[in-house]
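Structure first, then comments.
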Amino acid sequence: MSKTYWNAPVASSEPQGPILEIKGLSAGYGPMRVIHDLDLVVRPGERLGVVGLNGHGKSTLFLAIAGLTGWQRGSIKLNGREVGGSRSQGPGRYTHLIVRQGLAVMPQGDEIFHGLTVEEHLDSGAFTPRAWRERAPRKERILAIFPPLRKLMKVPVGRLSGGERRMVSIGRGLMVDAALFLVDEPSLGLAPKIGKGVMEALMAIELGSSAMIIAEQNVALLEGRVDRILGMHVGTLKGEASTSLASQTKRDL
Amino acid sequence: MDLGFVIVSAVTLACIYGTLAIGISITWSSLGLINMAYGLTFATAGYGAWLVGDQLQAIDAISDTTWIVGPIVILAGILTGAACGVVICAVTFIPIHDKPNFTVRGLIASLAVSLIGTQVLLQVFGPRAKSLPPLFGDWELPIGNVVITADKGGAMISSIVLLALALRWMKSSRRGLEIRAMMMNPHAASLVGIGVRRTGFYVMALTGALAGLASVLLSQTYYISPFSGLTPLIKGLSVALLGGLGSVNGAIVAAVILGTNEALTSALLGGQYALITQFLLIIIVLLFRPRGIAGILDKAREA
Amino acid sequence: MSEIWKNPLAPWRGDAEPQEAPSEAYSDPGEVWRAKRQSHTKLYKVGRLRYYHKWRGHGAKTWTRTRYWPTRRRVLDIRGEYNPKILRREKTIVDKRPIWWLLSFIAIAVAPFLAPKDLQSTLISAGTVFLIYAAINLCWTLILGTAGIFSLATMAVVGAAAYGAASMSVFYGWPWWTLPFVGGGIGFVFGVVIALPATRLDGFYYALLTLGLNELCRVYVVQSRTFGSATGGVYGADSFIPTGASQRVELIIGYFASFALMLSALALFRFVNGKRLGRILRMAPEKREAFAQAVGIDYRTARIQVFIISSVGLGVIGGFYASYFHGASPSLFSFDSVLLGLAMLVIGGLGKAEGAVLGTFIVIVIDKVFLQLGPIRLILVGAIMLGVVLLLKNGLFGIKHQFRDWRDKKKSENRSTRAEKGGEMLPEEATEAGDKDLIYAQRFDKMQRDYLKGVVSEKLVEEHARNPLGQHSEPLERLLLYFRRQPQVDKYAIAVIEPFKAYRIVALSGHRGVAPRVVEEKTYPSEREAYHGVFLRRVQDLLES
Amino acid sequence: MSDKPFDRRQLVKGFAAGAALTAGTGRYSMASAAPAKPTGEPILIGLTISQTAAAGVADHHDHLNGSTLALEEINAAGGINGRPLEFRIVDVDLLNAESCQAAIRNLVDQKVHAISSPFLFVPIPAMDASVGYGCPYVNGNTQRASTDLVAAHPDKYAHMFQMDPSEVYYGETFPIFLQDLEKSGAWKPRNNKVHIVQEQIAYNQTISHSCQAALKNSKFELAGITDIQYPVQDWGPVIQDIKKIGAGTVMIDHWVAAEYAAFVKQFRSNPLKDTLVYLQYGPSQPEFLELAGKAAEGFVWSTVLGVYADKKGAEFREKYKKRFPGKVMGLCYTGAGYDIVYMMKEVWEKTKKPEDFKASCEQLRKTAFRGVCGWSIMDNKRQEAVQYPVGTQDLEKGMSQLYFQVQDKQSKIIYPFPLKETEFKTVPWA
């Protein structure tokens, strides 16, 4: 029995399905549940902003997509393939497999390898055999996006400044052809000007058929530059997100 | 004091120590595991090589041709070591690597494995030491008033080659990069597609193979017996510690320093002071450099 | 599924009402409830609330008055409360550990007299070794658990003190009662020596450094002509066990002396761990020193203090050891004994007095009592170590905590399967909601909507389009009743623009004096169509919610 | 794995009850049509056998095998006074005081009638643990310090017997051996210098000291001392020292067979010409010959407790090899274990009452026992066997120290001359 029978049929003009489809996701750590029954659909070519205060689950959402939370339930489909699972899993146990499905996570803070040089760092991002073979031109491409890194290639990342680290972190994520980029608070802890620069660079990235979600506390940095903005409040998405169905239905009756 | 002699024995010892320490250092750096079962791997690999060697000795046609027996025995040692490493990984690393308190628990788990394994070896093979057939033929090379035997020379050359290869591999390959990345931040490593568990097996098989190789190469110094792994373990740990846990470069520098120290001590003070000077040296270096020699080499490491 | 609905009012109304209409079969609203409340994945029933036995009578007063002399600590942590349901006073023992301790002390005290005759000397001497090692491990726990510093120099301190004390007695003829003091003195010096690097090094660097120190002691002792060259140790020290006593008396004296030693080690542990020094140390664990310093904790002094205190304790034990065994042997410093000691602590659980004692007990029993088992013994110890370490977070005494953590996680997961969107209140909201009935109202509402979503079908819409007013089929009636029951805020209404010509859908503001807002520009030519328009909107909203 | 003792599995399985051994005995006696099957309450001998520790497992296992052989023979021949003999075996870590004590206490609990122990490195706590019980405690500790203690407290330690001479004789006999060898003409020393390479543990230190003292009273002189310490990673410096000092005789005073083997190999590749190299006790462990292979040829070693090569000894060797087939047979504690059991048999056959410990001890003290390792006469203050040739000049009044030389991959007795199997051969690196 179709529930949307009476309305106009869903307009699926896109050639492929959504890149990310989250249904009924709950996730948390131990006794604490951070994300409550969340739904989200991200389509190819979309640049999405998630805005919310500290501790409302933006990072946890990203970690849940990457399989890094303490436990999670519900369905996460990446490129139509189920990566979430409803098991209570140890954090990070399947992350590398999820990542290999086409996910690039640029985490909040300095989730980077202190001892490696910038160049090795970028290399480490090239985890598919193809990317590893083509790592030289890819590095060039990233250096074109972040020119300041060019003269730092041989410097251990531990010695870089916060902004440079963020650039390295984002550059590392760009080394493979990901279908979905998750950028967690690109401006956190950076001077406003540098933060803006990092944001510019993110906006400048050609998405093609992939998609990008940027989590940010500062709405001003996102407004007008992303395709849609969702608010995150105590573990649920408000705004457009909860009406994901609405984006499919038409109201011109 | 005969300088030439001191240099030769320093090089010999440095080779032995470097070979012993590198496996421990890599294990610690990538898995965060102080592998107390390293000595067990060492002993088990020796027994594996011995079993194969014993079988080969029985075949008359090839029992005297070193160029056939040698490589097969070495290969047997390496394979047994790798298998042992995989087992240790499956028991001590896989079940608990993402659980709280992993470092201490991993240490104790590997200790327990070593305790059990040693007793099993003792019961299966008996307490008597075994030796391997000569692996590098039967030549001698006099340098000044020191004579380097085939076994020693072969072991030295192979360990230098081995260390060079290991260093090069760690520096230039994707696997090496993965191992180094995992050692710095396992969480972030999984974000760049590095499977922690798979890499764990990988690393342990590799270090097991290194231990196996070391065991075969040093079988003339540490004969194969159930407890023969203890000394290599302690030596390897102290070298790795002095080098700075997790730094392969540091371990090699430390091996050279400790080898020189031991050669000098033997020449100047007498062999019985070798252990004392060794530990004093380690303590002094650590008091000034709490992160070992790697703390000097690599300033970017976290304090 | 579908069936024909017969209008029961048709005979009375004539043509004004349809005789029958295609409709949906009846579906049970209870189904939704049952389905929702069931978990999607298999879940196991886990645990319950903490259970306390409730004793009669209030009792708070008498119990709070009794304290451990000379501290102000209460003997038992007893909570007195009034139970409003049964109108009775009751008391609860919150922390039952002192009772368990007391029982085990009694067990230890009577054990030598209950030991079977043909195993007596084995059991009593194993018991003595257990008590001595328990004392050592208690002091070690202070450093390893309370201070959180991975020091392996414990046996080095004990050994050095034992050697020092034994040689004082052997070479200078000092009587047995001086030996613990000699040991304590040596322990003090050692404490200072090992405390200094602890302020600089941490983690495994410190562990391996202390292991090196241990090895250094062993090497020194093994090759020192004074300390070892004759007998593999210094032997012949004066003992507190009177010469000429029968074997049984000898054993019993040794046993109870060791028991006293263990009790004083326990007292030392309580004294340090439960007081200011212990708190300071726990506030400044490894790698967090900077934070501790930032809030004004002088962790360096605290560490040096705890090292000195526990080392003096260990030294005294070393002196006792020398006196009991008539000397000391280099095996005190061996790698194995350090690691076996570590295994004892880990089996019991790091940082807990009861863990240190129980772990020691298990290992010593296996190692020293089942001597005939031969090699299987050590394999057994190894297997226990492995099992404990692989399965348990913090040893045997961590099981309770670990189980509770696991149960909490399962509970949380379990709840997440019930908390569908808009249904159950989130915990944060629920705690803030003044009217707790709302929590249930929301849940009920959610279930109803879920049911109604399943009811909506093309036939119902057609039925409503044909006949917006009047008697409807049962499912449609349910739907309309639900819509009518909605609150005034944002409720749809029909505004007449021009009677019989044009109607428009508006939404009520819900507040007196505030005009309704226009929902859409579209106008409907008839009242019936407007009714149906409102219906469609409501259905859409329902489906989207 | 051909040298794996075949009774090991049986041993492990049967330890708990100690029954496996007696069961085996039963079968043995049936097969050989025994005179009378022993009946009655078994006589118990307790054995402290190291099975799990890092040190001494091989020697202790030899001891157990030798004892087992004796037990099987005795039970097959009708037991002692018609009573069967049984063993009680406990594991011990011979470096650890608590473990030594626990082992003895355990045997005491099992009410054994005598304790037979190969050796413990920390004997004093074990001795103390057995004091209250007082059954005969026969050991092969080879340690003067503990027998001195027996001499100092004759009442307390009346039950302690060391069935072999103490380690000090290693040092004291050495110059005598050299002199006699030279006199016999088989060996022409390069010079009269003796170079001692000494390990640091108590046992080696004592030997080194007594040897240095003995050298002063002989025509040989001490040329130098090199200190080493277990584990020796590289023998290069030692060999360099040997060549630098250039003594005619080198004594390697160490104890680990495997490291001896390493030394032998390195020395042979870079030898000091025509030097007599004497290796302390270590090569008695059979693995030495296997590890060193043909490099062991020509090295000399000795033991104060070894199986003679005379008729009695040869017979024992024959029986042992049949019962425990293996590549190389140990020559020290195999005989010791065998002898202790027979010694106790002799004692109990005289006293008739194994339960009377005092009488047994008294009898044991008086007994002059001739076993496969020679005469064990412990009727002296220290209650240790008299040594030949230092303790007594009469071969019939003492246990002879045996000097072996490795010839054709076998250890052959070369000294004392009345007991020799073969002549001393000039070292191959001459």
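Read from first to last, the chains carry the letters A, B, C and D; within each, the first residue is number 1.
Keep in mind that, in the parts below, contacts are C-beta pairs under 8 Å (C-beta built on N, C-alpha and C of every residue); 3 or more make two chains touch, one makes a residue touch a chain.
Quick caveat, the model's predicted, so the values are computed rather than measured.
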item	value
Pair joined by the larger number of C-beta contacts - B-D, A-B	B-D
Approximate Å spacing (C-alpha centroids) for the pair subunit B, subunit D	36
Centroid spacing, where centroids are CA-atom means, of subunit A and subunit D in whole angstrom	75
Length of the line joining the C-alpha centres of subunit A and subunit B, rounded to whole Å	42
Cα-centroid distance, subunit B relative to subunit C, in whole angstrom	39
Residues of subunit C whose C-beta touches two or more other chains	219, 223, 375, 378
Overlap residues in subunit B, where contacts from two or more other chains coincide	99, 119, 122-123, 230, 272, 275
For subunit D, residues that touch 2 or more chains besides their own	12, 51-52, 54, 200, 229
Pairwise chain contacts, counting only pairs that touch as defined	A-B, A-C, B-C, B-D, C-D
Subunit B - residues contacting subunit A, complex	98-99, 174, 177-178, 180-181, 184-198, 298-302
Sites on subunit B touched by subunit D in the complex	2, 5, 8-9, 12-13, 16, 51, 54, 119, 122-123, 125-131, 140, 142, 145-147, 149, 151-152, 220-223, 225, 227-228, 230-231, 235, 262-263, 266-267, 270-275
Residues of subunit B that touch subunit C when the two form their complex	34, 36, 91, 95-96, 99-101, 103-105, 108-109, 111-113, 115-116, 119-120, 122-123, 230, 234, 237-238, 241, 245, 272, 275-276, 279-280, 282-283, 286-287, 290-292
Subunit A to subunit C touching residues, read off their complex	1, 3-7, 24, 26, 28, 30-33, 36-37, 39, 70-71, 73, 86, 88, 234-236, 242-243, 245-246, 249, 251, 253
Complex contact set, residues of subunit C against subunit D	118-122, 125-126, 129, 219, 222-223, 225, 228-233, 235-236, 246-248, 250, 325-331, 334, 336-337, 367-368, 371-378
